[in-house]
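You will see chain A twice below: alongside chain B first, and alongside chain C after that.
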Partner chain A sequence: MDGKTRDIARRLIRGEIGRREALKAFAALGVTLGAAEIALNAAATEALAADFDWKKHKGTKLKLLLNKHPYADAMIADLDNFKALTGMEVSYDIFPEDVYFDKVTAALSARSAEYDVFMTGAYQTWQYGPAGWLVDFNDYLKDPSRTAPTYGWEDILPNLRASTAWSGVPGAPLGGPGAHQWAIPWGFELNNITYNRVIFDKLKLSPPRNMNELLEVAAKITRDAGGPYGIGVRGSRSWATIHPGFLSAYSNYGQRDFRIEGGKLKAAMNTPESKQFHKLWVEMIQQSGPKNWATYTWYQVGTDLGAGASGMIYDADILGYFMNGGDNREHGHLAYAAFAANPAAKGPTSNVWIWSLAMSNFSRNKDAGWFFIQWASGTDHLLFGARKRDMVNPVRQSIWNDAEFQERIKNGYPGYLEQYQATAPDAKIYFTPQPLFFNLTTEWAATLQRMVAREVGVDEGLDQLAESVNRQLRQAGIG
Partner chain B sequence: MRKVLRALALGAVLVFFLFPIFWIVLMSFQTNEQILRLPPSLLFTPTLANYRALISGHLVTAAGVLDITFLRNLGNSVLLSTASVLLSLLLGVPAAYAFARFRFRLGEDIAFTLLSFRFAPPLLVLLPLSLYFQDLGLNDTYAGLIWVYQLICLPLILWIVRGYFEDLSPDIEYAYQVDGHSWGQAFRRIALPLAGPGIAAAGLLAFIFAWNNFVFALILASADKQPVTVGALAFVTASGIQYGQIAAAIVLSILPTLALALYAQRWLVEGLSLGAVKG
Partner chain C sequence: MTASAPTLPRPRSRRLARRALPYLLSLPALLVCIGILVPFFTAVWYSLERYNLAMPMMRSFVGPAQYLDLLTDPDFWQTVKVSFIYAAATVGIELLLGLGIALLLREQSRLNNVVSVVLLLPLMTAPAIASLMWKLMTNPNFGVLSWLVSLLGVHDFRWASDPRTAMFTVVLVDVWVYTPFMMILLLAGLRSLPRQPFEAAALDGVPAHFVFFRITLPMLSPYIITATLFRLLDSIQQFDIVYAMTQGGPGDALMLFQVRAYLDFFQYTNVGTSAALMVILWAITYLLSNLFIKQWLKLRERTHHA
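Take a look at the complex of A and B:
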């Protein structure tokens, strides 16, 4: 790489020239796209190193525990830059998602010092954090000797920062007073509609905007599309059935999972409004859902959409994003739309899943681990992931504003940016944080299954669920 | 007529048991798109892409090219299962002979304790064990895993082989000892060869159980020491399920057990029928 190439890259990084201008200058020098990219990454690394002693932990060996996910793949593809920046050595273990959290829980509960940094969801921190297994990042974020001035914590979307912080008091708001920052957001999912444009065009349909339209459109697809069923949603006996489309729609009707009475949690799933919403949801699945709905997880919902077996899904936007590529039959045929279940709501209220980075409290390299987390959740790496890999959805506002990222998404994923813009303001975790989250939410899914299978009526099922939930909360001393 | 009916019944039984395997073999030669088409079809242009991906270690998905370590997982399974069964045979067969031939204090209690290892829920054992393993430096080692695999293999071999030794008449061994040989020689020269088919059957069964184990390595070892049961899950990714590669992985992962079972079939049949003709 000659001096001129490096100079152009540095000026671009410093914001002295624009991207188009830089590309022209590279072209004039006869620099290939690959060489320009290397020059830019190196210049970005230099710029980072200029303001902060990134070499402070040179020679330290870090070990990461990762879930097999496109976010992890993007990080691994860029890992050499972190090594060059810090002089640290990084190794990692990757486990498939089906067993990933078993591995994390086992490592943490055994107080293992093997892994320094690991991927986690925000819900899992409600178990890991209060148990004393996680590092609270608040101290790190406030310490200029440990956090680079260019890190830009405030650039991470405020709802995501709040959703990964909790005081540990059951029912206390996420990100509220005394909240510990148990994890740093890394990538996240909104829940909206992804639909098959070919089917919608054939039947002259528009994407549904609320529950009533959803029921109508889904029924029409099931009836008239010649094979595909109307709507894909999850249905397995798992907490994961509740958290995507279901809870997003439920929250849109102003409903909550719990209410707080005298500092104690009480089940709130059996209000008249909640019963009304559950009836709509159950009817939707009975009329237009998949035949084996009760076995449906992320994988089945996505696979059916990608294979043209369903007309639309109400699930994670990134699931629709992934299904629009690769060797899926319907790649290039999918589009995206924001969804506010309640016709009277002012906009969507998407519950979010946040893949985050957390640090083991048993790590012997905590300061070095924080350096890694800073880099991995920093603007440069996330920009690389969003532009060149599948690191969507980005957790930083600056990356959503990035012209190259916007252009890429606009070209391949119609409606994706618009659904994000419409949903982002009220996208957050709508569950009430409490230690029985996984058990109680799984029981909610089991009740939903019984309702869909007509084993129990909606009103009766929800009353039984509330009774059981209240009993368990009392037994745990929080209800 | 009777022959025809018998052939039909036999055919129906074969289809019932072999069709899933046949379907998986077919899937292993198809792309994801071919597998997921509606309705499914038996006619397709076969591809070796799935096997190529497993062998080369590069998996093309909707989210780009992923590195996979399936062959390493397969190698780990072979190593862990073989070494565990060999160690169990070394320890279990003499122990089984002792329990069958000699009465000693607490003998039955010890035998039952060993059997009870099979009853314990693995996670209940594994979490405390992982603490000890960290202190002993056995965490994330093949030696540690082979040791833990004894929880699967040793009770099986001990109790099955003990039954075979008990079925053999001790008179032959006594006669041999009357000729001036020690009980150790009687064990090696008489009891072991006679119980050979039973030992082979128990060894094969233990191998299958060890091969199918999932949770021990998951909790106690790093990604590079995981067996094929954990490795096969890598094809279920956030960006989609790679059905073709899963099918190819299943085909490759049943081959070692299948080869072993076919090779040992003669002794297996002999071993399994030995107990059945006990007078």
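Take a look at the complex of A and C:
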């Protein structure tokens, strides 16, 4: 790379010239797109290093625990830049999601120092944090000797920052007083409708806007589309069945999982409004869901849509995003729409899943680990991920504002940006944070399975669920 | 020539060495035993504690309270019920099928030897992989088994996703994987039986069913008991097939001991409850093993006296 190429890249990074101008200059020098990209990455690394001593932990060896995911793939593709910036060595273990969280629980509960940094969801921090397994990032974020001035913590979407911070007091609001920042948001998922345009055009359908329309449209697809079923939603016996579309729609009716009485948690799943909503949801699955719904995880929901076996899904927007590409039969046929289940609601209330980065309290390289997290959740890497890889949805507002990223999404994913803009304002975690999250939410999913299988009626099932939840809360001393 | 007196080992050290020898010989076994007993007693201790990793402040010794909580919890009795149904159904069917196949392959021939090796193939498949295979085959939309049952006029059969058919489905997978285990043990037993009683019966023209019930079955009993014991202990501790197929669902239809204990520990970080469930499961397997071993000893005694 000659001096002129490097100079153009530096000027572009400093904002002295625009993208078009830089491209013209590169072309005039006969620089290929690949070489220009390398020059830009190197210039971005240089710019980062100018303001902060990134080499402070040079030679330190970090080990990461990763879940197999496009976010991890994007990070691995850019890892050489981190190594060049810091002089650190990084190794990682990567596991499929089926076993990933078992591995994390095993490593942390054994107080192992093997892994420094790992991927986590926000819900998992409600277990790991109070157990004393996680580093609270509040001190790091406030310390200018450990956090680069260009990091831009405030650029990360406020609801995501709050959703990854909790005081550890059951029922206390996320991001509220005394909240520990247990994790740093890295990428996130909203819940929307992703639909097959070919099927919708054939049947002259419009994407549903609320629960009543969803039932009607799904039933019509099941009846008239000649094979595909109407609506894909998760159904396995797992908390993961509750958190995407189900809880987003449930919250849209103003319903909560718990209410707080005298500082204690009480189950709130059996209110008359909740029962009404559950009846709609159960009817939707019985009428237009997949036949083996009770075994459906995100994987089956996504692959059915990608294979043309379902007409639409109400699940993570990024699941619809990934199904619109690759080798999927329906790639290029999918479109996206925001969804507010309650016709009387002012907009969607999407419960979010946040892939985050956390640090083990047993790590022997905490400061170095924080350097890695800063880089991985920093603007440069996330911009690389959003523009060049599949790192949707970015957690930084500046990246959503990036013209190149917007152009890319607009061209390949019709309606994706619009659904994001409509859904983002009220997107957050709608669960009440409490340490029994996984057992009680899994029990909720199991009850839903029994209702769909007509083993128990909705009213009776929810009353039984509330009774069991209250008993467990009492036993744990929080209800 | 000067003869020097031979140096004799000191009698005290020889005595010591002789006395220490049995202990030294049993040391490896003792070490293995410690390796087993330490985790076991740790689990017993945890089962007496209210201990959830996510709530370290609540950790306390509660004695038998955890067991009492479990014994008064209807979900626990559902676990006991489905675990026993699963074990009885799988072992019963596998025993009958394994015995039937072993009888068919009893005579040594090239074809029988090839078939017995081929029939072992499912046993070489990891149960979790077998479950994923069966999950695809039983998919109501494109699964080959769903298509086959639809040819028989059964439409909309939902296999593992319906609580009414979930047990049948996982038992089917277990039978596919483990029947060869029964078959190979019983086949080895059948082929090692002495030939004389069978030859005498053939000379006397004894009917086949009489030979089977009065000669084959009693002589094969030790093998049957051993194979059944192995499978029963494994089956009551089933995890991989059920977890891979349904995660214990739909509802609580397949919430077996191991699935429940696994969820309690790995997903709910509830160490105390998970340990209590494991201790109860250990007690059940211990009782079952004792029952079978006593039966086996009785049979052996009867054979010696006969």
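What we mean here is this: the second predicted complex is superposed on the first by the 479 of 479 C-alpha atoms of A that agree within 3 Å, B and C clash if a C-alpha of one lies under 4 Å from a C-alpha of the other, contacts with A are read in each partner's own complex, and residues count from 1 in each chain.
Operating definition for what follows: a residue touches a chain if its C-beta (ideal position, glycine included) is under 8 Å from a C-beta of that chain, and two chains touch if they have at least 3 such contacts.
Keep in mind that what you see is a predicted model, and the values were worked out from it rather than measured.
Asker: Examine A:94 and indicate which partner it touches, taking first as chain B and second as chain C; both and neither are also allowed.
Answerer: The first partner, chain B, only.
Asker: Give one of first, second, both or neither to describe whether A:27 is in contact with chain B, with chain C, with both, or with none.
Answerer: After superposition on chain A, A:27 lies in contact with neither partner.
Asker: Looking at the overlay, does A:309 come into contact with chain B only (first), chain C only (second), both, or neither?
Answerer: Once the two structures are laid over each other on A, A:309 reaches both partners.
Asker: For A:442 in the superposed arrangement: first (chain B), second (chain C), both or neither?
Answerer: A:442: touches chain C, not chain B.
Asker: Considering only the touch criterion stated at the top, classify A:70 as touching first (chain B), second (chain C), both, or neither.
Answerer: It touches chain B, and chain C stays clear.
Asker: Check whether A:294 is in contact with chain B, with chain C, with both or with neither, and answer first, second, both or neither.
Answerer: A:294 sits against chain C, while chain B stays out of touch.
Asker: So, A:109: does it touch chain B (first), chain C (second), both, or neither?
Answerer: A:109 contacts both chain B and chain C.
Asker: Do chain B and chain C land on any of the same chain A residues, and which?
Answerer: In the superposed arrangement, which is not itself an observed complex, chain A uses residues 102, 106, 109, 309 for both chain B and chain C.
Asker: Could you please specify the touching residues of chain C with respect to chain A in the complex?
Answerer: Touching chain A from chain C are residues 52-56, 58, 69, 75, 135, 138-141, 156, 158-164, 245-252, 263-264, 266-270.
Asker: Quick check on the complex: what are the chain B residues that touch chain A?
Answerer: Going through chain B, the ones touching chain A are 31-33, 36-38, 60-64, 66, 126-127, 130-131, 134, 139-140, 215, 218-219, 222-224, 226, 230, 233-234, 236-241.
Asker: List the residues on chain A that touch chain B in their complex, please.
Answerer: Residues in contact with chain B: 68-70, 73, 93-99, 102-103, 106, 109-112, 114, 227, 298-299, 302-303, 306-309, 318-319, 322-323, 325-329, 331, 389-390.
Asker: With touch defined as at the start, can you tell me which chain A residues reach chain C in the complex?
Answerer: So the residues of chain A in touch with chain C come to 101-102, 105-106, 109, 126-128, 130-132, 235-239, 290-295, 309, 435-436, 438-439, 442, 445-447, 449-450, 452-453, 455, 468, 475-477.
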